[in-house]
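Each of the two complexes below includes subunit A, the first together with subunit B, the second together with subunit C.
Here is the complex of A and B:
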């Protein structure tokens, strides 16, 4: 029974991974045979300001989006964990941003925040809140902020539903006992609920980190890395090099640079989960 | 002539002769409706071809065509109609797929690398960057040259790599300024600015009146418009991407002057959103009345004639202003080429299709529908009834004479210049400068990026 699983993993994960490592060590270009160039692509990247901008942007994008998703997801899960009329319908509605196709929802955001014709600016001006258009996708900081916001908007429902599922496994007796001991709601959350659902939290954070740091779809649709590379992230830089310029070797090396960081993160997360299990 | 032959026995040159011999004389004068009367290799009684029984050598072949949708719907209609008629008459299966311009080059690259999917493609990047994936079309280019009184020098310059034609240019997109003549006059500006200094002063006035310019400082979001605006500015201030020997020449006082101009233009005269435009934004902005001038091919005016006649009536076109180094225009090219993985009869079919599509009469019928959207690259088309139908479009003939291609100082696109066009490097340079307000920093970062690309591709 092990053999098919191993074969599946080797084929579906191992082959692309090894191929990526191999391509990153070559000068592979469209339609041409690859030549081994050692670490040359990585040296070139290290000498390129755009690469470091992509590193910085990716970390900021991932870090801030993750924080927003964690707190947003936790808050939403706590709300949905209460008994109220229309609870089931609310849960379904809150999932919509996560269910909606990224292309559809991101283009809608882009349309709303278009700096010249976006409906947000039109509304703000009509309501007299601003006199001139807010440069949402023009100002580098606002463009990044919007990108993070849209990522969080999409991700919060996923966090919330997973947190909610985990919260519902927390024993009611335990919560009642802590209440009898005089714990406030805040204390119950931080001292009881969160520690108990921590393995789930860590897994969700890990999955989200991997998904966000290698995100391509959302930045591509919303900003394409602009303006002035302000939202250039790993995925966009890889696309620039690999598919817009035909430099597959260089493009692949961008993705490979993510690997050590993600590997460390995975190791740390799994270690924490194991330690948590042992403590229990 | 036998009615049935193995495909090998009818080579491309013979096919060219079959389809092309009678074309020349009948070319321009009539321009009869194209799809129905297209001279085809197997057309038994075409309007211009002799009524000979042509062997049905392409039967069973498949052409997977991938292109982008031209902004002039009539051109798409004619191309599609021609393709389907041609396929029917030649017993060829023709799969047509149109994708967005921003995705096209990426998809072509993927097809080349995977050797799957489309076999006949349009693309907009210089063939030098993907030459290894393209079939040599030199014979076809020579034949077409004979039919159409030669090519303008730009055609072989952009379509050949090491002397071989790897694609046939479908014409050139060469933008002019579209501007609101009525608003300019209201602001006391009687004619479109002739120099960039005048342009800036006019822009300040227009912006103060709530009608800013829409000078596109765009990168990936607006590949064509961004490059067109950036390069016209760069060149007319004396900057160049390259020296004739291929050395990168962007690091110059002239480039910095052009970038400084871009920064002040963005600040004082331009729509603040112009650094985040996509390819449609300046069209929409102009038609919606939020900007008073922008550069484009005729794709603002033509839709306006139908949908916004009030705007069409009060707008006009003008050549780009002149700078210290002169007046320039930018030209980008859609190319058509055959991918290497098309083999045997499929390759023959693709070649036969191109032969017929670019045959002068057929091509003329197609190109004239664009009314300057694409400028033909051969002298025989100069007398086509394109230019004089509408005085507001007559300028399209003039702007072609000012036009240069990206990295034009090198005699023919190099791998580096091609990759720079493909990456919109110069467009992003101007976008960065206009966004950050720091010309030197934007230039330094761009130079580092170019050096990186140079190390990868050579040049």
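Here is the complex of A and C:
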């Protein structure tokens, strides 16, 4: 019964995966046959400053976005865990950024932060907060900050809704007991709730880390890797080499360099979760 | 007494309603701005004076432009057809696989579950180049059909993972009772487990549809020809020309592209949240 899924995945995912590793060891270009070149692509990448820029940017992007998504998701989950007027409607609205098509919500953010005509600058100036336009998307640091912000805006709802569901499985008796023992709200969160929902937290962080470090759509639309490579991440560099320059071998090798890191992360997370399951 | 009540109200306002309202504003403003911009004519879009947050002279010109001067209706139809077919196919395959992993005791079932989850983690950016090779060997590179073959590669792993988790939350006893009463395994699955799994199945379906609907990278890499494009690719390639962006039509396209997903989602929001979290928490 599993075989249709397994066969399909073997052919369309397993085989391409192996092919990716093979291609990364060749000089495959568009319209030409691949020649085996060993580790040449990786040596070339190691000597290319742009590659190291992409490594650095991807790590900064992923690290900061994950921190924002974790705390933002936790905060939103704690808010939604309380009773308030309009709670159900708010919960539905808060999920919108996550389900809306990324391409189009990203365009809306760009349009809002457009350096000359964006509404954000207009409003900031009218409120007297700034005198002249802030060069969002033009200044390298601001561009990266905006990229991280939009990624978090999109990701926080998913974190929040999963954290919320996990929190609601924590037994009320346990919380009452810790309250009687004199735990403060913060202590209950950090010492009781979080450790109990750790497996779920780890899974969500894992999915999001891999999605963010290999992200293409958001940086491609918002900044195209610029200005001056300030937001050049793995996905964009691969796109530059392969679809733009036709260097498929070199393009693949960029993504293959991500793989050891991702594999370690997956193995570490899954063993952590298993250990957690056994402890219980 | 009244004073302490007032103080309590004040504290709830600060600690609960203020953050909720700020978060709602940040969540909704981009959608509001998308909608408002789509109704402005190009003079008003670039006019920074006046009440910028509202429309002065609402017009549907941007929407008209999409349908008259671009192949928007083609892109919309392509997106609907491709997202629907890949969703039905992927959910069907995943129901069977998820059910088998959750229920049948065969060797390596738990290992298989982990492996399928791991395949979900293989990034699109790693796969699109070799997939292009495979598609060109199949001699379909450039055609919309490529997306029918490639979208399930990221839909099936997630749906199978989610549905496996969901099937595990449905007690096996029910099915065993039905089988004692003379139901076959397939009969018990179809009559007992599947109806109970509808929230999970709908979640998987909505999720699949949205993921297909949102893709840009695969259609960018695999599809040629303006009429063959999907919505995200069509809109970004035709309305963002070099450094000139047609913001009015772009925002109109964004509104039209977001509406189907939003409707789908608002209809099923409770089921969706329930299904997603059951799968993720127990899976």
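To be clear about the criterion, the second predicted complex is superposed on the first by the 270 of 280 C-alpha atoms of A that agree within 3 Å, B and C clash if a C-alpha of one lies under 4 Å from a C-alpha of the other, contacts with A are read in each partner's own complex, and residues count from 1 in each chain.
As a working rule, contacts are C-beta pairs under 8 Å (C-beta built on N, C-alpha and C of every residue); 3 or more make two chains touch, one makes a residue touch a chain.
Quick caveat: nothing in here was measured; it's all calculated off a predicted structure.
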Inset, instruction - Following the overlay on subunit A, give me a clash-or-fit verdict for subunit B and subunit C. - result: clash
Legend entry - Contacts of A:27 with subunit B and subunit C, given as first, second, both or neither: first
Legend entry - Partner chain(s) touched by A:137 [first = subunit B, second = subunit C, both, neither]: first
Legend entry - Which superposed partner A:161 touches (first subunit B, second subunit C, both, neither): second
Inset, instruction - Please work out whether A:91 is in contact with subunit B alone, subunit C alone, both, or neither, and reply first, second, both or neither. - result: second
Inset, instruction - Have a look at where A:246 lands relative to subunit B and subunit C in the superposition and call it first, second, both or neither. - result: first
Inset, instruction - State whether A:185 touches subunit B only (first), subunit C only (second), both chains, or neither. - result: neither
Inset, instruction - Would you check which partner chain A:47 touches, where first means subunit B only, second means subunit C only, and both and neither mean what they say? - result: first
Legend entry - In the superposition, subunit B vs subunit C on subunit A residues touched: C
Inset, instruction - Answer with first, second, both or neither: which of subunit B and subunit C does A:117 touch in the superposed model? - result: both
Legend entry - Residues of subunit A that lie at the interface with subunit B and also at the interface with subunit C: 117, 239, 243, 248
Inset, instruction - Report the residues of subunit A in contact with subunit B in the complex, numbered from low to high. - result: 27, 29-32, 40, 44-45, 47-50, 114-117, 132-133, 135, 137-138, 140, 143, 223-230, 236, 239-240, 243-250
Legend entry - Footprint of subunit C on subunit A - complex, ascending: 1-2, 4-6, 8-9, 12-17, 19-20, 23, 75-76, 79, 82, 84, 90-97, 99-105, 107-109, 111-112, 117, 119, 122-123, 153, 157, 161-162, 164-166, 169, 200, 203-204, 206-207, 210-211, 213-217, 220-221, 234-235, 238-239, 242-243, 248, 251-252, 255-256, 258-259, 262, 266, 270
Inset, instruction - State the interface residues of subunit B toward subunit A in the complex, per the touch definition above. - result: 105-106, 109-110, 112-113, 129-133, 218-221, 271-273, 275-277, 281, 284-285, 288, 290-291, 340, 419, 422-423, 428, 431-432, 435-436, 442, 444-445, 448-449, 451-453, 455-457
Inset, instruction - Sort out for me which residues of subunit C touch subunit A in the complex. - result: 16-17, 19-20, 23-24, 26-31, 33-34, 37, 45-46, 48, 52-53, 93-94, 96-97, 99-101, 104, 112, 114, 116, 118-134, 149-150, 152-153, 156-157, 160, 206, 210, 213-214, 216-217, 220-221, 231-232, 235-236, 245, 247, 250-251, 253-254, 257-258, 261-262, 265-266, 269, 273, 276-278, 280-281
